[in-house]
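Two complexes come next, and they have one chain in common, chain A, joined by chain B in the first and chain C in the second.
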Partner chain A sequence: MALIGQGALILALLVAIYSAGTSLWAATGHDRRFLVSARHGLWAIFGLVIVADAIFLRALFTHDFTFKVVSDTSSRSLPTVYLITAWWGSQAGSLLLWSTVLAIFSLLGLRSTRRVLGELQPWMIMVLSLISGFFLLLLVVPASPFVTQIAPVDGVGLNPSLQNPYMALHPPSLYLGYVGLAIPFSLAMAAMLAGRTDARWVVASRRWTLASWGFLGIGMLLGAHWAYTEVGWGGFWAWDPVENAALMPWLVATAFLHSVMVQERKGMLKVWNIALIAGAFALSIFGTFLTRSGILSSIHAFVATDIGWYFMVGLGAVLVGAFVLILWRLPLLRADQRIESLVSREATFLFNNLLLVGLAFAVLWGVVFPLLTEAVGQVRESVSTPFYEFFVIAFGLPLLLLMGIGPLIAWRRASFRQLRTTFLWPVLGGVITGAVMVAFGLDSSWPGVAAGSICAFVTVTIISEFVRGTAARHRVAGESWPIAFLHLIDRNRRRYGGYIVHLGVVMFVIGAVGASAYQTEAEGLLQKGESLTVGSNVLTFEGVERERGPNYSARSAVLRVTSDGEEIGVLRPGQRAYTREQTTSNEVAINTTLTQGDLFVILDGIRADGAVKIKAFYKPVVNLLWLAGFLFAGGVILCVWPDPRERRRIAKRYAEESLPGES
Partner chain B sequence: MSETPAVAPEEPKPGFRHVRLVIALAVASLLGTFAVYTAFADSSIPVLMVSQAQAYSGQKVRLEGKVTTSHGDAADASGLHFVVKDYKGSQTLPVVYTGAVPDAYKIGRDVVIDGTLKDGVFTAVPDSLVTKCPSKYSDKATTSDTKS
Partner chain C sequence: MLAAILLALIALAVVTFIAWPLVRAQGEDDQLDPLSDDQRRRLALREERDLALQALNELDVDRATNHIGDQDYAELVAEYRAQAAKAIAALDAEDDAA
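Let's turn to the complex of A and B:
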């Protein structure tokens, strides 16, 4: 079976090379029939990868330990559900998943853009085949999932941290995001190769970029929630390089999503957009590379692995390819118009882009800093949370402010008088919120007060946009308020979907600020009957409970919680000792109240004399962090949802204006 | 990604020159933030193998190694006492640690701790212990280091 699997992958690699060749032949004006053949090639890759998937999954599910990867990532006792997560538990398995998703997305991507961008198809097929070929090469040579061995009696088992429901959703969601960026990237490269540098590729790639960006965002949020509830050190984001790996392409894709609006509308920022999407895609490959190559533990360990070099070459090809294409097409990438005023929508987009890319660069710097210092000197130097927090505050707050300003400023040029009326209420909202925060003693953190005021400012601008639009419809079309509101959103899904995402970001920021700047923390060693105070909560230790699970024994501290004399309930933070795996795991106890926030309790240890070491956090409004995910996802879905009206509008516009180079 | 946005074709109008100046200033101030931060903030920490630690005695460093023996309780005031061994060499260092102990901590595991070496004993910063991904398993899809 392994031979068939390996054969399917080798064949798929050959087909990818064939498709790249034939599509190039067709694209350079030779026989167009080769285009059909190249397209069939993508179907063949899809079929062959599915065959490889089937063989791989069958081996996993039948515990066929002659497959090395299977014995490395699963065992007979592993619950069936987690055999699925074992798919991406290994390097070879996750690269196979990459290739599978890419094969599906390639076909969907071509289909969705065929009507508008028929002339780009051959180039797009070529770029996609090359990307496919790269990942298939990795699967065939350095990371084959079909390496066989003499079967051991049982497998090693799956890393316990992957044995978690979150790990069934979080990695695939990130992969969908990473791979999805291949579609706008291939469209951008195709547009340049074909010399069609107008905004059509931008319009056609919009939904793909948005969806990938949405998957990356949701994937990161799931990871954060996993860290918060399961890993349990009291935070949700540790600035770990592998977390940053997803954040960097997300930030650059965020910049891209905004700057393409400028190109669509004004024909500006063409070079910038292509650089951004190439950067985002390169970072998504870099992200896969970071988590897969072992470069994180040491640059020397990386030198010893082959796969690292493959990734370096692949990454280099993307960057150099994009750079050369931009240089070659520079004359075609001239801006149609220029920025006329600093007080204009396009200028705010530009500043938003600079800040987002600056932030992405800061994160990248933090990630590669240990590698650079190790390569240059003898000793690795590492940066930690304060470094990242500084840049998140320094670049994030102005970014947040722009989120409130941008939507209200007119394109081209805005007058100051107009600005005064537009921004009166939002500014008032921000100032009042800031004053209230200070009055309530929240000036312990000035970045916190600033973030709170800016969040209020942004919220008022967004709500006023909804109110103004609804009122206009109510007045002009005579619709009732609720109908006017729904129609308003339905007729301008991109705009109002965007606002909903912005509201989600505001909610996220409030939650994150509450959980970090305004959390209270207390720890103590408690004897029976003693108590610990955190915020307004008093935790009284009543005794230790013991429990025996199927494969672990657990001890937990029973803590009675009161707040202002009122009884809230009992929390049982505990520790589980897994007998067979010889590991312990912390089971944090979280008391969530929707209006108040979370009381988060960790049991750090139980002493021989029965005293317990307890660490407790009180995190106000942290729930907003997770609820923000729903607004974010809802807004993205609203923006991505097929809109026949929009399609007709675009078709009409294209019919009227001719393509560059056509008369 | 290094090029700035293409907003500047030739012959700028007077008003436009002003726009370009402000954009250039914005880029410069972003870069300036970097420069100021790296100059003034003590932002980085050396990451050392056990064999390199002696040379950094008295300095705050991050130490990596494999746990060989372990006794005591991190919840106690006297702390958890363990010994870390170099990945490659045979050098070892005793460590005293208090605070949270990660789930995956045990003898034989690769760990990372922040702290200072003084008189041959590495005194760890409380709560800084992190376990590295156990080598028994392949690299995880998500996090290589998990905080406790």
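Let's turn to the complex of A and C:
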């Protein structure tokens, strides 16, 4: 079976090269037959990758340890659900997943933009085929999932940290985000290759960028929750290079989603937008390189091979290709208009872009700095959390502020008198919130007070936007309040979906600030009957329990918890020893109350005399972090949902020129 | 051996599938028509016109939601009307010339 799998991947690679060539011929020779053949090529790649997937999964589920990857990432005792997560637990498996998602997205991307693309389609297929070819080359040469061996009796097993339900969702979600960015990138490159730099590629790519951005965001949040509940160090974001790998393209894509609105309205920032989408895609390749090259030492980058050079070449090709195309098409990318005033919505978008890209560069510097120091001085110097926290505060707080300012300022320009009216309530909301926080003794963290005030400012802004819009519809169209509210959102899903996403971000910030700036912690060595106090909670140690799981043995401390004299329940923080994998993991215990926050307890060790070392945190409002994900996802879905009015408007423009338009 | 035969069959199917559009006879509609310079210019004018009309719509929304004052509104409406009229006039001139 390995022969068929490897053969299917080699065939897929050859077809990708063929599709790139025939689509180039179709674009330059203007022969539709070559275009259809190239399109068939994408379907063939999809079919061949599915064949490879089927063989790989069959090997995983039947414990066929003649496949080296299977024996390296699974064992007979591994629960069935984690056999699925073992797919992306290895380098080869994760690259196979990349190729599978790309094959599916290439077909969906072509289908969703089929009516937009006259001249663009062959170029788009060419770019997608080249990207597919690159990943298939990795699968054929340096990272084949079909390397065979004499089968051992049992496999090595899966990294225990990956044996968690979140691992069934977190990596695939990130992959959907990373790979999804290939579609807007291919559209942008196609637009420049075809010399069609009008707004069509922007309109066609916006939803793909939004969806990819949404998957990256949700993927990061799932990863943060996994780190919080599984890794067991008491936080949710460690500025691990692999976490940063997802954050960087997300930040740049965020900038793109804002600046693209300026291009659509004013025909400005064309070069900037193409650079942003190329940057976001390059960073997604860079992220995959970080996780899969073994160049960084982290919990995720657990495999080291020589694949890094392939990634460097691929990354270089993306960056150089985009740069050369931008230079070539510079005359077509000139701005149609200029920013009229620095007090305008487009100016706030510009500031927001500078801050987002600046933050992305700061994170990038933090990621590459250890590599550079190692390359130059042979000693790896790492960048620590305070470095990132400085930039998050220095760039993040102004960004948060701009989220509140932007909606209050009109496009083009705004007068002082008007600003006074629109800013009144949001500013009041921010100032009062800050004063209340100080009054309640929360001035132990001034960044916390600033974040709280700005969050209130943004929240009042967004609420006032909904109220103003609904009132205007109620007044002008004579609609009832509920109908006016629903129509307001329905007629401008992108704008109000965006506001809902902003509310999600505010909620996230409140949760993050509560969990970091205002958390309390305590630790102690407890003998049976002794207690530890954290916040208003008292934890009393009652003994140690032992348990045997399918592929591990566990010990946990039994802690009875009371708060203000009232019994809350029993928590069992523990440690698991995985026999086959020969590693241990922390199993944290969390008592969640939606209104107050989390009591988070870690068992740090059990002494021979039966005493346990306990570390406990009280994290107020931390659950807003996770609830924010629902608002974020809801807002993204609202934005991505197709808008027939917008489609008709674009279709009309192209129908007037007797060209195929979107319908 | 069986695996090699299966692989050969898959390869044959793939080659047939992707080569099929090239094997059939070329038809009249097989020519992909690139945009002419005239079409590109007119598309740019239509985009300019649509941007101005969209801006006028947004100005109305901004005014209804009290984001913009009367004086700014009047000035900007005049500007964008002029822009839209200029693009429409240029398009009409192109149509007349054609």
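The definition used in the following text is that the second predicted complex is superposed on the first by the 610 of 663 C-alpha atoms of A that agree within 3 Å, B and C clash if a C-alpha of one lies under 4 Å from a C-alpha of the other, contacts with A are read in each partner's own complex, and residues count from 1 in each chain.
Going forward, a residue touches a chain if its C-beta (ideal position, glycine included) is under 8 Å from a C-beta of that chain, and two chains touch if they have at least 3 such contacts.
Because the structure is predicted, anything quoted here is derived from the model rather than measured.
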Simultaneous placement of chain C and chain B on chain A, clash or fit: fit
Chain B versus chain C as contact partner of A:527, first or second or both or neither: neither
Which of chain B and chain C A:37 touches, first, second, both or neither: second
Contacts of A:338 with chain B and chain C, given as first, second, both or neither: first
Apex chain A: angle to the C-alpha centres of chain B and chain C, given in degrees as a multiple of 10: 140
Chain B versus chain C as contact partner of A:48, first or second or both or neither: second
Chain A residues touched - chain C or chain B, whichever exceeds: B
Chain B versus chain C as contact partner of A:592, first or second or both or neither: neither
Chain B versus chain C as contact partner of A:11, first or second or both or neither: second
Minimum Cα separation, chain C to chain B, after superposition on A (Å): 17
Chain B and chain C footprints on chain A, overlapping residues: none
Chain A contact footprint on chain C (complex, rising order): 3-4, 6-7, 10-11, 14, 17-22, 24, 26, 29-35, 39-40, 42-44, 46-48, 50-51, 54-55, 58-59, 61-62, 64-69, 71-72, 76
Complex contact set, residues of chain A against chain B: 72-73, 88-91, 94, 156-162, 167, 170-171, 223, 227, 231-233, 235, 238, 240-243, 252, 259, 268-272, 275-276, 278-279, 291-292, 294, 296-297, 333-335, 338-342, 347, 350-351, 353-355, 357-358, 362, 365, 369-370, 373, 378-384, 386-387, 390-391, 394-395, 525, 582-586, 602, 604-607, 612-613, 615
Chain A - residues contacting chain C, complex: 1, 3-4, 7-8, 11, 15, 18-19, 26-27, 30-37, 40-41, 43-44, 47-48, 51, 118-119, 122, 195-196, 198-199, 265-267, 336, 408-415, 417-418, 421-422, 465, 468-469, 471-472, 475-476, 649, 653-654, 656-657, 659
Residue ranges of chain B touching chain A (in the complex, touch as defined): 1, 3-9, 15-16, 18-19, 22-23, 26-27, 30, 33-34, 37, 41, 43-48, 52, 62, 73-76, 99-101, 103-106, 132-134, 136-148
